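Here it is, the structure, as structure tokens.
Here the chain labels run A, B and C in written order, and each chain numbers its own residues starting at 1.
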């Protein structure tokens, strides 16, 4: 994943940022990237080639998103998220990075998510801190993911289990 | 439902689009429509009279929304959604249309949602692809709807069941 | 909580509102408040000192938010929400105020949420109408909260129970 995570630098004409999107100057955008309206892309974010950031998303500082990944409307990615190539993230998916999210928590150390190549995360899923979602895994719509999802597995439910816990 | 789905064409003064909303020119808006800030209304969408689109929503291309329907903050509707009249859709509700949402999926065929007149969908609900929600049905807040909801029924839980599975 | 809910009036230079945020003129903002892009702050809202409203949020009219509280991306708060001091509200959290959310409901009487000081509400949680979340309580990510959460308690799951129902 690492190699692809550093997109070629491109000229302004090689990607598309909507007028009502906010992309920090220190972000690096690959060729063919599209950022839809009302989304933010933070400082030092790397977006690989052809990444699509849907509307009303927040991509935290220093996140890396691999080539061909598509993130739909309303998603939240914390700082330093690591998202592979050709990952699908459905609308209103929420990632997290803090197990004890109190204001003024002095023990805070961020546990950002890792999503491996070609995984798929269904609409409205919530992913707890420090989770890794394996290659080509599928997380069902509305799942609340509380432990790592192995490569190729399908997890859903609240809490999410493999095949929903055999239902 | 079908008749009401084609709103009368109106002059620009008969509806209200916030300065920070994006409404495609090919969308048709009925009298009294309001589109709140930071929302998008896609190509060829039909919004019936007095439809209200809350803030930070995405209404996919070619969707049809019946007269009097209210959609609250943060909702996502995929392409070709069919929403009846006087439907209530709470905040951060997510509809879907793709059972196998992988990037580059060649078997993709969209299964947009159908919501019949006067149904009510609670906040934060997630609706799986191809679902029909019947007339005057109620989907509870936070429900994950995995099968059709009959007219007049109340479904909630994850997965959503009638009356929450008799809890 | 009440005292802190009326922030000192401040000059325009003492808080920060992003260019692409919508804050009503009748809102009162304390010193050090930040409102991020694509968010709305309604009429007569009171934001205490150092409150942070993340991106793509909606803060309903006449809500009161205590000093030091942080609300992350994509949250929805209905009218007259009462949020204490130093509360943490994670991304894509949805509060509600209407038990029978039908269009044209004549029996509608709002039941806005109350969140006491130092509580923490995890990402993607959904809070049903009329709920009180007690001081320093924690609501887990993805929880659907259907009853009051006592002070200091931890609730999660759908429906949310204390310690997830002893799982």
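In this section, a residue touches a chain if its C-beta (ideal position, glycine included) is under 8 Å from a C-beta of that chain, and two chains touch if they have at least 3 such contacts.
None of these values were measured; they are calculated from a predicted model.
Two copies of one sequence, chain A and chain B, touch each other mainly through non-matching residues, since under half of the numbers at the interface are common to both. Rounded to a multiple of 5, the C-alpha superposition of chain A onto chain C involves a rotation of 120 degrees. Note on chain placement: the centre of chain A and the centre of chain B lie 25 Å apart, centres being C-alpha means. Multi-chain contact residues of chain A (touching two or more other chains): 20, 38, 56, 74, 92, 124, 158.
Residue ranges on chain B touching chain A, taken from their complex, read 20, 22, 38, 40, 56, 58, 74, 76, 92, 94-96, 100-104, 124, 126, 128, 144, 158-159.
Those residues of chain B whose C-beta lies close enough to touch chain C in the complex are 20, 36-38, 54-56, 68-70, 72-74, 86-88, 90-92, 118, 120, 122-124, 141-142, 157-158, 164, 167.
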